[in-house]
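Right, one structure below, let's go through it.
Every chain is named by a letter (A, B, C and D) in the order it is written, and numbering of its residues begins at 1.
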């Protein structure tokens, strides 16, 4: 795991999140939300493209964003499992987004001062974008959690279901050398701020903060949930049929 | 469209039906039904393999059952749209199976006297198998249609939903030359018996026989419903990644 | 009456009727029907292309397609807003879509079978839409005209993107080229049918013309589309599936085979390949989202109560 | 008492206890628990392999896998039937599975990440199951012993199929070979853990041995599995992920690194990668199927009433 692996990890988080969010298009509870989720998906996809393109350059093996996205096997994907979980109902999607975007926002804000200037520039753009994602998710968390009884019940269940997967966000997967060199951020250092943002978002939404217990992981080592294979089959199928074709 | 195309059409019906039925495994309403649906899927898959292998031999272009199943594009698949429709609830699956198996049973029974001896032998085996499929589907049609009010409502809705797709089974897609040569059966000649079996199965289940109206089609020309692309992505993904590998 | 005279004068002067102006009830009703149908078409139109979002073959194409489908949702929103200026509610219109009492463009009742269909929709379907819609930018009803100006700009962007997809495929591998040609073969006649029945059989048209909602007849617009598209097909190096296509030097137009209007009538009647699927999809999204909308409304009501000083 | 003496005599003579025979309550309860857990394992075990049914890379492999998963459902049915001879109902056991009050084998709480995992499950997991189960064919309770004879035959078939998948991959492309090795690397220790905690910490074992339900200790069986598997790995040309593997000429056994029993305890406690997914899956199937079972029961009741002469 080196700078390439680090960039790919961040890029895969964004790519897989974008893929899941795009599944909502034409399926959202209201038109405004079709627009909003597509917007967020576009931001995440944009971040993925910048990160994977840069990773490919760093690698210097002639790959590009598309060969990384479309021609790696499941075991080579480095995203956290949180992003690959199926969308579930709207509350599950909002819980996933709240947890992911809050993590990404803290991460990118810190990476703005990365010694890797290219990464710092990507992070600067992404910090602004993810601020909106956090706000949007937090608003919906309140609307669902502090709206009707059904909304509250579903939002609470969603937060409980997704919570265990947040631990992986802060796992110690980033090479210490990269952190020491000021290129990367040690994920564990992001958790305190993350918790404070998330806990207050949940509190405002009257949704209980789950206990920490089960801590699934493995995504950073390319061991994914069984949902991932189906996601990749859909994502990659067409590209894989015609290797080397331009689109 | 020639003998190859005819065999592929029948083989694709069975292959896609098997794929959909296999999706039920570990999802059926009771264990006995997990076993039964897997059994039927295995029969359909077996028929598909015999038909596609034979088609590949007839073609004589060095293809085999796997290259036909895994390396054709969506536009080259010749199955009727009925089989590719998503499984829906259990009632939709049963409606699809009742209509398909009744059609296949009549078809294979007739093909036992095909002048193509290899096809006649395949048909002889398949006639026995599909007789069980019809019986199984008809029994469940009664259990759902003539059981609880909910069962009746769902079975009725399922039959209405699937009925339009049955017209394609009897469309005039088989080359007249093949029929004249006694190799193939003209699909239209199978409808009277099909209707009589299906109508009595529905009557026994107290499920109304829908009116004939909308007649979707196109599967025999390789124009499929939007569900087909996802089915093929799942079916073919792994095989396509490693072209030419043995498994 | 004064108001009638004012209305007639505004129309005659090619100026805009605005929401507060008096207008004939038939003008209002006709516009509501037309704008709603247009809005519904944008919303339903998200589905055939949305079908390829998770499967787009490059990240760049995925981003472009996602932005496009998002634009369609946005167009739907502007158009519902324009309709609301005529005294109807979006939710009411939306329920008329779901119950089948209002229509949407029949073109969206065809499936997107391959990736090339995304290109063909952009090039042909959006192309036809633009030909239909550019004159609406000068339509006599102000809010509709202004919405159309914004929409047309985005649509022409979409059309170029569709053209670009096909252009790339047509210059790609043999399979890609065949995929592009196949898509054009399937989308050509449905696109021609988008202009509606031939003039002789067209209802609504005469009055719409008089009121300057509609500016050209169905057949005039169709011809314009054919003339434009034949040129572009040449650039693409793809063939339009009509052996009768021939340039008529006398008129300066291309002669073409008319689409099968009986098929169009069938699709409009509900018997296209995807009519049921499209509406079922929207109904499912609407029903599945009911608890979400209800919870958001309850939340908003709580906040509103809190905002009232005690 | 007579019955107790009879029971002891049957056990001592290595004969079978049958459902109508008297048996100690603890014997009965222990058997119910064990057979139910075994049945549940078959049912939950359908999921990890079922995950590859729609994606199997050849039609022949798809057919074999489908037949295998079907066999597992069948095994579940025999085993529930064996448990029912002890005076419990399948539905009751099934609900204990769904509510988490009864367990299933923890091995099924790992995901099948690649196609090679299907091979590794067949080779290692079914291999370990066979080592565990062959002695059960001689177990003192007749119905269980007879069910196990049938099951073991099929399991050894499954194990050969798994071996064959890996054999083919190991002789395939570089990527296929890597896929096979990766699967073995991930499934080796979980398979070793299938034999349960080390003998020193094993509960239930002593009494099970006395009653001739269990015939060998956990560590004896684990050793047997290691010895067998090392040989087969050599044939496959794949490496078992244990640097400490070494033949001990003195004992005639292979020394190996014990699995991480703390991890096993975590998985048993519910914190394996797929525990929630597996149970949620079964609950969903059960709940979604409720209306179907109810309708079938109502239909059967109607038919039964009709069969009674008026």
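Keep in mind that, in the parts below, a contact is a pair of C-beta atoms (placed from the backbone, for glycine too) under 8 Å apart; a residue touches a chain by one contact, two chains touch by 3 or more.
In UniProt terms, the chains line up like this: A, B = Phenylacetic acid degradation protein.
Treat the numbers as computed from the prediction; the structure is a model and nothing was measured.
Shared contact partners of chain B and chain D, listed by label, are A.
The distance from the centre of chain A to the centre of chain C, with each centre set as the mean of the Cα atoms, comes to 34 Å. Per-chain Cα centroids separate chain C from chain D by 58 Å.
Looking at chain A, residues 73, 233-234, 237-238 sit in touch with two or more other chains.
Residue positions of chain D with contacts to 2 or more other chains are 55, 175.
The touch graph of these protein chains has some other shape, matching none of line, ring, star or complete. If you check each pair of chains against the touch rule, the ones that pass are A-B, A-C, A-D, B-C, B-D.
Partner chain B is touched in their complex by these residues of chain A: 73, 230, 232-234, 236-238, 240-241.
If you check the complex, the residues on chain D that touch chain B are 43, 46-47, 50, 53-63, 66-67, 69-70, 73-74, 76-77, 80, 115, 165, 168-169, 172-173, 175-176, 281, 284-285, 288-300, 302.
Contacts from chain B toward chain D in the complex involve residues 15, 18-19, 22-23, 25-35, 38-39, 41-42, 45-46, 48-49, 52, 65-66, 69-70, 89-90, 140, 142-144, 146-148, 150-152, 154, 234-235, 237-239, 242, 245-247. Across the interface of their complex, chain B is touched by residues 48, 51, 55, 111-114, 175, 182, 186, 270-271, 273-274, 276-277 of chain C.
Touching chain C in their complex are the following residues of chain B: 73-75, 213-216, 218, 223-226, 229, 233.
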